[in-house]
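Here you go, one structure.
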């Protein structure tokens, strides 16, 4: 058959998560150029590759609908999904039900595995998730905090959303095991207008470290109210809230030395199996084409497609079952690092490198630069500096 | 001590809700109009200010000089061209029209500004605080918002009770037909009232944009709180709206002190409870 | 001074037709009484003239020029004022503010706040009170004063004596007589047929949205009116 | 009394033709699975549940005068009940649909008692707040996934039917059945004596009570029945989506706003209205959804235009212009000659003897 | 002894400071016809609203057939046998005249559908609305609306019929026809309270007349005697004691 191979991709193009996906247009364009001449699959045939993109609108209802549409309407050969459980989980559910292989990323693997009801004995059959998990992020955050002199009292800002619930469950036991005191005020509601109660709890317990997985608006509210109410901490280390230069810029000086999870950086010593670009070249190409500062998802999303293309290449795109088998036999070096199926803690997950970074104000072309200050969970990645306390 | 801090924060939060709600109260009070697009208009003001700051390089406070006249004009035209045609005994048309407007504003903003969240910056003032005693500090900016709410109410009070147009507002709101018989152009009066309401919304929007980040879809959240404040206070009573905002703020602060999970819920539950006890709010406008 | 004339005036409330082609002439400087049973369309007629109910342009003529279909506020500013049925004071306005609202029509003329207070001194004492805290008669005075402050040439009074004590009614009618002597055209809708006919130059009797009887007051016998009114 | 000297007609020619066309359409839809076009089937499932939701809201707002902006409370609640029943009580998903509906009906009783204390705008906003409270409440139920939501156990879904096609077919048939049932139920209700009472309440609540209509109970009944039906549809929706979370389940814009716009654009207070509204909604969505949020903007503008220029909605315009009525609920009385003569003989007491 | 059909015991009602009923007592027996007159705003319609449950009294008790109905809502009182017409007609505007009456017959009159249809047409015949059976009630003229009020009230198969100014605006011929209809209705065993300004219509149909003024009954008794009472003469000539 001579028609094209179809890769479905669901991402939050619009809605509150759109910022995370804002580099994906570049990612897709870059890939399409590289695949313009078609893909030579095993067996010698050259097939066109078509990437069919659907917007989840940051809404899980919509994600489920468009995934079903890609499966039933477009009849894609393999599915890709990325960014936040709101998008990834519904797509994964549809793929599992309909027997379509899926490569997913940018949400901790636990929410995809245990969060969707799999167990060590009963894993999923159609999903390969490549990202880090709570072990990596806790280690990294602890590594950041251990570089500072603190009382080891950590305040947690974990909202009542899929991320917050997962992080709270994942973090607390590990932190306590490692000698930290965790002050967990409970799951607050997203877009809260007032963090006073939480701030007072932190003040009373003399919290010196604040961590959490916070929506950017909530972080801004929290951080300004904390300053107003006299809470000053040595480390503010969050996932999600300030992982993007745009949000750091908006917060201005308050973002200085804010630390966060960084899962891709131009200094990563990896290159793309599709385009051959190194991480640095790739980021440079992004900045040149878009005029914007690089953001971390571009490498990760690129690597999701690398894995998908590799699986199709090896299966020849025959049918979903063949591709699934190829997918679970992946052994590929990507711009995100090596992806070896079966190497992860569970059959459905592969761990990719995670670093900890801090925002530092910069004189360069952009207001802030991300400086890697912890590489404990990132084999082969170099640190660019050491941790500095927040103001 | 602890409770004093909680109550104080609740009070200040109440100021925020009151400021959000005043514009709604005004529209409700004068025209009996349920403006479902209220929250989105607040957000719209934030975006307009944001655009002004970006394009003209003005500070957020200076941007008011452009936002407010623009919003007055917007309100005036909106009422004259659209909303006036929906007024009457039937509750549905104004509700649907403002609901439609809400959708249009939200998605229009999405189209033109994308879904990114934005924030306006006022610098030092945002994080400045005044220490009260040893472990209570109140932020300067929340105080500014509270003061703005009070000043806005006083200004509206002066407008309503000290000017000719204010008299027309009240007369028209009491009995539009009789007002027309007095030679009052009620359509124009309504248009001016909505214009004024949008000026207040403009102020609320810009202050909100400095206080927290906002995105095109953050309107509806604001709407419900504003509604609750207005209804707790009693329709069309501006001081009641302040009280309603403070009630809501206190409920949330106390609920949050008990358990952060309970914070927002506590506000809603207090609202429902008040509705059961006093279905027309604390200070309902006298029936006639 | 103006003559108001309706030609084939019709009016609807939604599906319901309340007036069926009325031809009525309200002559300048005269007092016209309109009588008729409940629901005959008297108030509707007045609402149509004042523009509260939309009509076609040529259904109403003021001094021969078509004037239908205009907004109430333009018609009021042409010198037509109305004392509506049920007084309709503004509850959130004080007595004085209720009166001042009358000046919003921006017509100059003999009537000022002071003059209204001269005519109704009791209102001056209570000018700070809410309009609705007054007695019925006093409220009626406010409603009349309010209308006069727009310095009208034509004054339409809908059931001004309803629910008032006889002394108060006497006083109101004395005021109306004075106004008439100042050259105002006056239209009164009145339940008390005998009284209406006594003060009027011209009488119209409405029934079911139609004129069932009309003529000069002195030519009309109460008997005819009874006939037209009740159809005996 | 004499032999019936009258005849009461309830069908019209347009209704006979219209119903026949709808019946044919339904047969067509039932045949669709034969083509194996699963994407179209999915679309039709979505259309079917929106139609059913719209019929329910139309009954609630257009007939019983209960302008609720919070119907998503019951959509989400029904959805959650499905998940609870399947995941924790081990029920089969298909049987859980009606039970979820039943439970939604039950929960709506206290809601109604609370909300009926409010009127007009208070009621509208009150229902919205209730939906918000529902949402926040489900945030706090860890057994149902709390804020992160939960997936339907895949095994349970596989139990519906072994193959994906089989499941799709069952869901397709259920959706059609719910849509047809909603139309038939509303139509039957409106043609019954309760239809008279509902219309009467809408025209004058006070006078209805004075002629013996228990307005409170009728409104309560409608509210509860609509909530139950809405809950059942919610369960079906989330059965198809496989995953539920508070934010997705209680989304005012996705559910209530869409339903309200569909009804209003099509024509509120007419059974045909939701059909027309649905057609416009999906036409707009399918043709413009590639341009991001444009279809929502167009929908909003359309709703505004309808309210300003044609309150009876698009179907209202068509029906008034061409005098068609597919679902007649009125009663047309035809008198025979004798009665006819009687009618025109005198004005007030045509039959009784004079005294 | 059977209890009276309707009994008001010391009923009080005020709107704010305006006292409408100041301890009113009233007894109406089965098969009795009562007329109520009184100046505008005296509270006559309000009295009806109290009896039907549209309003609740501030004090006192209202009994139907010896049972207090204060806790009953309007529709229950309708089913207990109280039928009423409104002074300002409240037609179900979007429904046809026939359906207006049919609604009353099926709910208030608790008739099965077929029976209700026949009864509705019968009553529409009696009230002279047969020509308008299919007309939307909202399109009727005022007089026909009043007839519809009467027809609807009758269709609830009342034991007690409350009529509020249904003769206003009728021609004398029509008043005569109405009188004879009312007499027929009374003869079928229905008790009647009729508020009317057209006194001769009352005199022709009722057994008793009361005059409501200042929150109290000024007179209660034989219609002709009541009309001759000096107080009533004074009030009925439109002179109101201040």
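Odds and ends about this structure:
As written, the chains take the letters A, B, C, D and E, and residue 1 is the first residue of each chain.
Definition applied: a residue touches a chain if its C-beta (ideal position, glycine included) is under 8 Å from a C-beta of that chain, and two chains touch if they have at least 3 such contacts.
To keep track of the chains, here are their UniProt names: B, D = Branched-chain amino acid ABC transporter permease; C = ABC transporter ATP-binding protein; E = ATP-binding cassette domain-containing protein.
Quick caveat: nothing in here was measured; it's all calculated off a predicted structure.
Path length between chain C and chain D in the chain contact graph, taken as the least number of steps between touching chains: 2. Listed by label, the chains that touch chain C and also chain E number zero.
More inter-chain C-beta contacts link the pair A-B than the other of A-B and B-C. One simple way to say how far apart two chains are is to compare their mean CA positions; for chain B and chain D this gives 34 Å. Remark: chain B and chain E have CA centroids separated by 49 Å (rounded to whole angstrom).
Note on chain placement: the centre of chain D and the centre of chain E lie 40 Å apart, centres being C-alpha means. Shared interface positions of chain C, i.e. residues touching 2 or more other chains, are not present.
Looking at chain B, one finds that residues 110, 261, 264 touch two or more other chains. Those residues of chain A in touch with two or more other chains are numbered 14, 160, 187, 189. Contact between chains, per the stated criterion, is found for A-B, A-D, B-C, B-D, C-E, D-E. Listing the residues of chain A that touch chain B in their complex gives 14-19, 22, 58, 160, 185-189, 191-194, 196-198, 200, 203, 216-217, 220-221, 224-225, 227-230, 246-247, 250-252, 254. Interface residues of chain D facing chain B in the complex, by the touch rule stated above, are 61, 67, 69, 114, 117-118, 120-122, 124-126, 128-130, 132-133, 136-137, 139-140, 252-253, 257, 260-261, 264, 268, 292-294, 296-297, 299-304, 306-308, 311. Those residues of chain B lying in contact with chain A across their complex are 2, 5-6, 9-10, 13, 16-17, 110, 114-119, 121, 126-129, 131, 135, 137-142, 211-215, 217-218, 221, 225, 249, 252-253, 256-257, 259-261, 263-264. In the complex of the two chains, the chain D residues touching chain E come out as 1, 4, 6, 8, 193, 196-197, 199-200, 202-204, 206-216, 330-333, 335, 339, 342-344, 346-352, 354-355. For chain A in complex with chain D, the residues that touch the partner chain are 14, 55, 59-61, 64-65, 68-69, 72-73, 85-86, 89-90, 93-94, 96-99, 111, 115-117, 159-166, 187, 189.
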